[in-house]
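Next up: some structures, all given as structure tokens.
Two complexes follow with chain A in common, the first pairing it with chain B and the second with chain C.
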Partner chain A sequence: MAAPMLRLCCPGRRWALACIDGCSRHRRGAPNGCTSSRKRGQSSVAQQPFITAQKPRKGEHEWAAVVGLEIHAQISSKSKLFSGSQVHFAAPPNSLVSFFDASLPGTLPVLNRRCVEAAVMTGLALNCRINKKSLFDRKHYFYADLPAGYQITQQRLPIAVNGSLVYSFCAGKNRSQVINKTARVKQIQLEQDSGKSLHDDLRSQTLIDLNRAGVGLLEVVLEPDMSCGEEAATAVRELQLILQALGTSQANMADYEIQRQINELENGGEILNETRSFDSKLGCTIPMRDKEGKQDYRFMPEPNLPPLLLYDTESLPAGADPQQVIDIDRIREQLPELPSVTREKLVQQYGMLPEHSFTLLNEVGLLEFFQNVMKETRAEPKKVTSWVLNTLLGFLKQQNLAVSESPVTPSALAELLNLLDRKAISSSAAKQVFEELWRNEGKTPAQIVSEKKLELMQDQEALEQLCHAVMEGHPQVVMDVKKGNPRAINKLIGLVRKVTLSRADPTVIKEILEKKLAS
Partner chain B sequence: MWARAWRLGLRALVGGRRGFTCKADTKGSGRITAEVIEHLERLALVDFGSQEAVARLEKAIAFADRLRAVDTDGVEPMESVLEDRCLYLRSDHVIEGNCAEELLQNSHRVVEEYFVAPPGNISLPKLDEQEPFSHG
Partner chain C sequence: MQFDQSKCSVLKGFVTIKDGCAHVVPAAAVDLYFCSVSPGPCGGRLSTRTMLGRTLREVSAALKQGHITPTELCQKCLSIIKKTKFLNAYITVSEEVALKQAEESEKRYKKGHSLGDLDGIPIAVKDNFSTSGIETTCASNMLRGKGYVPPYNATVVQKLLDQGALLMGKTNLDEFAMGSGSTDGVFGPVKNPWSYSKQYREKRKQKSHCENEDSNWLITGGSSGGSAAAVSAFTCFAALGSDTGGSTRNPAAHCGLVGLKPSYGLVSRHGLIPLVNSMDVPGILTRCVDDAAIVLGVLAGHDPKDSTTIQDPVKPFVLPSLTDVSKLCIGIPKEYLTPELSSEVRSLWSKAANLFESEGAKVIEVSLPHTSYSIVCYHVLCTSEVASNMARFDGLEYGHRCDIDVSTEAMYAATRREGFNDVVRGRILSGNFFLLKENYENYFVKAQKVRRLIANDFVTVFNSGVDVLLTPTTLSEAVPYTEFIKEDNRTRSAQDDIFTQAANMAGLPAVSVPMALSNQGLPIGLQFIGRAFCDQELLTIARWFEKQVQFPVIQLQELMDDCSSVFENEKLASVSLKQ
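So, the complex of A and B:
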């Protein structure tokens, strides 16, 4: 297996991928304001909160919100789950639709091997038990973007069950306390995506594009082990990173839902166990209008698909066509490195603080940037970490840029850090050089240093003479220092720096001054 | 009108009697309530247009119920007659699609290569939303 299996290709930034469950699926009359279901680039996660308490009285209880989650991640594959039409997010409407996707009579589903591998990889990465036999079912409901009137999913016996998602919660005042938490993964199942509906409220119609219909999805169901929106968001983030390392993308989550339910409970209301859809325009969740009460999906086995059988090295039938069998053990051997392992390696290899390893992995492309700088510089890892996480990231965030859009390249930063490491420039000069580099005028750090005359004075003797001259010229300040005024020394250092046109290292100045003052 | 009349007729029939759904226990009268019929019609968009059709349904359920006579304790259910078949795995290559024009021909209404659908699901009218049955 060459490249990671799960991947979403998106130009420019990598967007979150998990989609809302239920929002576009079975909308009985579109919620107001929603124009398109599941906009590309929208990251969202369906929530099925399970509040297990009894009827409350206002203010009496401390509510522990308990959140379970269903996350849908689009599988990165060239073709769809059950048909050979292309998976691609930007194409003319209905151009990536096969006869099967359009649900024309006489068509049959044919399972895509790559999607199965993706599901197995994800299951293994989340410590699941991979079911050697799993089944496909039909989930029926009517909606215009579901031409068949049912979705093929895995309700009875999904491909992976009983796993765990370990995530680390950064708590404490400076978020420096790292607490490990686990959310149980109830199951992972393969299912079809539906098409896209564009609501035209003006003309009272809906426009349907089936390009997305039939695309493979992984539904990851997490048990209600998370007790607040922040925990859930962190868990989802970690899942995102895992899917990304294996090959897929990220998701964000609002904790609006938790707060809303707590508020409602405290006001004596009842929480219905319902699916709420997240209305991205309104920025809040709204109940799905379901006049019939509980939805009845009339699950039935998919009659056109035999059970999906997976093997391991032990059970692999002899002489089997390798194209037709999937070996779980082989997939396990070829799993790429997971984020938790990468972070651990960073801590071990570079003596990095755990919370820094989190930041490095949380920003798309930042880890690669860091590693590229490390390759080309002699500077200490701690220095590199600081420059990457504080300076570079700070500048990027200020202008809302992705790492890939950074005007400063890893080579440029490496060169700058080398100059700093050699003590060819001071750290304040280095900051100036960085700002110049950010302007992206094509100059190298060395060029900027020489143009702006930022080199540190290397001549020790000349510096000593200057210090001496300054001390002679400011006897009062010297007296203050000798009297024990702690701030006076800084004044002296400042004076020397002015005289040297900021081309001397303040630490060296301080050393020389202290030596002279002591004598 | 026929369908409406039938529905009211059925309701009158079932009237105060306890409904009997197919999920309930066997040896009953096998009657199916109007509520269940309505539910099925809504879910599956089928039209049990006549009392005859409902009766046929009840007979079908009774026929299937005879399966319960078989003791299946400890027997793995057969979910699919394909259970001994091999599920074919297709290689991940793009081999179809690009037939928008052809597909759109099937649609009654089309707007710029999109299928046109009503703004939302059009629900079946509820039983009590029916017009009163006119005698005669």
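So, the complex of A and C:
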């Protein structure tokens, strides 16, 4: 089974604010504040607005946020959850729409095996209990990009429940202390994505693209165990990693949303349970859709889909058609290494700092890049880490490129680091070579080194002559050194390097200069 | 009457009728149910005319032996469809498609490569099954407005076509199959062919009523009334209905036909525009049990496009000949003896029980204690699913769309108000009420529990050794339209589904078999309910019963007389029926 089955799409978030009572360690003010503490967020299926038991007056006390999340991860599968239409990003509008997706009357859903496997795999990775029997339900609401008038989801009995997501972040002065936190996973459910509405305000038209309608989603519901946007963002990032995801997440949405809810509550408003999306242009979250005021989804069992039954090795019926059954134990065996384990291994194997292991994993493809460089170079892991995390990543970030788009291949970097390792070039020359490689003109590091004459000057005599010439040319600096200015020698070193076109090892230059100055 | 060659233009290429038989079915000449095609009373070559009165199996044999060609048969049926247009049985007549299919079929027969029993056989399909390239309306403005033409065939339609059947057209129904009279569709009510039968007319004359005959036509029952009328009036040999609460069996009983509702999960629902997904089953309407078995044999089996169909392979249906019923146990559910049951139906019911008993079968009274909750339970489940299923009709992807465009919501509202009739809107409204969060437990969940109890009633009875249940299909024979519409759709549906709808709740196979004519000369059918997936056993027993009762064939020559007088310019129509 291909490991990267899942990709995260716009996370819908669920927020709840708990007013913490007076004895709480969170207390920072008012002694007799609101005493209701509601830490449990609304479930994914909740329809009621979240209202605290007692509305506080403005400024009377402070609020502590609890953050729960509903994350919708688009399942990467060839076809949709209940139809044979292909799943492709950026296909021409309405080109991937089956009769079922367009809700033609008489069409029926047929469950996609791959999507079920993806859900089971995710459930296992998140330490969930996999329900051997799960059910599908219809969730009704009218919206132009929901052709059937309902979404098929798993409200009553989802495929996986009661898991946990362990996420860690680096804290402390040098970000060297790793802190582990756990968010409970309430449930994971399979459901359909909706289509897209494109509003043409000019002509007051709405255009509907159903390519996405019916694509399989995993809704991962995290209990409100996170206390700030950063925690939530870290948890989402960790989940993304676990899902071998592609997209990026908008961490700044988190704090904005908490503030919005605080303002709302302090102004006497009520927080409605709604899906909001982050608008990066406006810098705020906006309601994703008008869910018809007080929404009642009128849930109903989906009559066209029998209960979804899963098996383990023990319960697998004898002679069952392997195409018709899903064996949880088999999927468990195929689980790939999870990011926490990978990070642990990196620290163990390469003596890497924990924070570096995080960075390597956080960028998609970066770890693989690192490992490929490691395979081909004799350079120290520390050196490789530094080059990958500082130089390569810096260049990528600057140009806003993904690792896969890097013009410098792992082999090229490995070769470059080999040259450096055997002291054929200086570090600064290496940087220069890297820049050349980045321009991607099809040259190998060795070619660049020889063309640009970047080899380290091995000729001691020639170097001594150059040093001599520099000293001759800058008597004032020499005087400064002799007067005891310790920094002046650096200036001389720099001048020598300049005339050597940075090809000489600064330590060697220093040695020569010191010798000469002492004489 | 003279056979008028000059008016034969609609019957181009038609083989001249040579026999001298005067009626649609030669009087008492043919053993309708069991004759293999032996030369009929009219000589070596059977005429198309006698063919029409025959069963599917007989005509299939005649096709194989070359006594008749698919094109002849097709044209004959088309001409009858035209003549009986006033019955309003068809919404769409797919003449061109049928003729083309007939041509293809003819080629196959010439090569000796017929596809099977259904090759060249004219069939009709209720207009709530999707038919590729042929408009499908559900008798609703919602789909009819823009002329919804499905891009795909329902699995059952495809299976029939794959067997070479000729699709004559799409038959009338109550809007979205919601009704029990075939009176509440946008195309108007279907008239029961028995209204024009010799049998019924003679009885009426005896009573010397001088009412206007035309205003006293009878309903077909429903909601598959168009399909029932189509088969009953000899426009085709079999028709598909749908059965959610009795919609196939009820009109079958009123039109003197065999109406089969197979086990839920035996026949694919893919392409059937749903009423209640958890109860809908494609139904089969034929003139005899054998024919129903043939069609079921073609339709049954797993469909990858319908996850609720059974996975097990279905063997071809060949009904064994049952001669000895002494090992059978027939259950008579005592709860079905309701006060509303007409005395005539009641006495035929007990006569049937006696028949089994006299032939050695064990006939016992059984109890289905939750029967009385069935209707109200059905109402909740049905309307809830209806509310959900109808949500897709919003005017965006297909079907009717209103002119209002101030907002999407306003467009939805007006579209749905204009597209659905009162019955549909009423069911959507109550369904949504039952599904509201605050009502869900009290209504929907409770109804589901009751449904389970009802299903368990049947399990208990069948586990006690009962092979089939014998019940009435309807409370009485068909009533005149004017009588029928005195009650509203909901009341009628609740009354008329009383004996049939529990089988849908339990997913059991059930078949209505015509038994006898009432004092008024109208058909009365009885129902057999079998164990889940024992459809073949059920049909075997039904066939034995059918053979015993020898239900008379409808005599329609008067209908055709009327046609010719009513439709002056269609006089030529009578050609096919009289000579």
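Keep in mind that, in the parts below, the second predicted complex is superposed on the first by the 360 of 519 C-alpha atoms of A that agree within 3 Å, B and C clash if a C-alpha of one lies under 4 Å from a C-alpha of the other, contacts with A are read in each partner's own complex, and residues count from 1 in each chain.
The rule is simple: contacts are C-beta pairs under 8 Å (C-beta built on N, C-alpha and C of every residue); 3 or more make two chains touch, one makes a residue touch a chain.
Remember, it's a predicted structure, so these values are computed and weren't measured experimentally.
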Check: Now for A:Tyr150: first (chain B), second (chain C), both, or neither, which partner does it touch?
Finding: second
Margin query: Let me test your reading of the model: by the given contact rule, A:Met374 touches which partner, first (chain B), second (chain C), both or neither?
Written below: neither
Note to self: Quick check for you: in the superposed arrangement, does A:Lys78 touch first (chain B), second (chain C), both or neither?
What the structure shows: first
Notebook entry, point to check: Counting only touches as set out at the top, which of chain B and chain C does A:Leu198 meet: first, second, both, neither?
Noted result: first
Next item on the list: Decide which partner touches more residues of chain A, taking chain B and chain C as the two options.
Entry: B
Check: Between chain B (first) and chain C (second), which, if any, makes contact with A:Leu124: first, second, both or neither?
Finding: neither
Next item on the list: Answer with first, second, both or neither: which of chain B and chain C does A:Ile208 touch in the superposed model?
Entry: both
Note to self: Just checking: does A:Pro307 make contact with chain B only, chain C only, both, or neither of them? Give me first, second, both or neither.
What the structure shows: first
Next item on the list: Could you tell me if A:Val478 is touching chain B, chain C, both of them or neither one (first, second, both, neither)?
Entry: neither
Next item on the list: Tell me which partner A:Thr107 touches in the superposition: chain B (first), chain C (second), both or neither.
Entry: second
Checklist line | Overlapping contact positions on chain A, where the chain C interface meets the chain B interface | finding: 99, 102, 104, 110-111, 140, 142, 144, 206, 208, 296, 298, 303-306, 324
Item checked: Interfacial residue positions of chain A with respect to chain B in the complex -> 27-30, 77-79, 83-86, 92-99, 102, 104, 110-116, 135, 140, 142-144, 156, 197-201, 204-210, 291-292, 296, 298, 301, 303-309, 323-324, 326
Note to self: With touch defined as at the start, can you tell me which chain C residues reach chain A in the complex?
What the structure shows: 129-130, 138, 143, 150-152, 154, 269-274, 276-278, 304-308, 311, 384-385, 387-388, 390-394, 396-398, 408-409, 412, 432, 435-437, 440, 444
Margin query: Looking at the complex, which residues from chain B come into contact with chain A?
Written below: 39, 42-45, 79-80, 82-100, 103-104, 106, 109, 111-121, 123
Notebook entry, point to check: Can you name the residues of chain A that touch chain C in the complex?
Noted result: 47, 99, 102-111, 138, 140, 142, 144, 147-150, 206, 208, 296-300, 303-306, 324
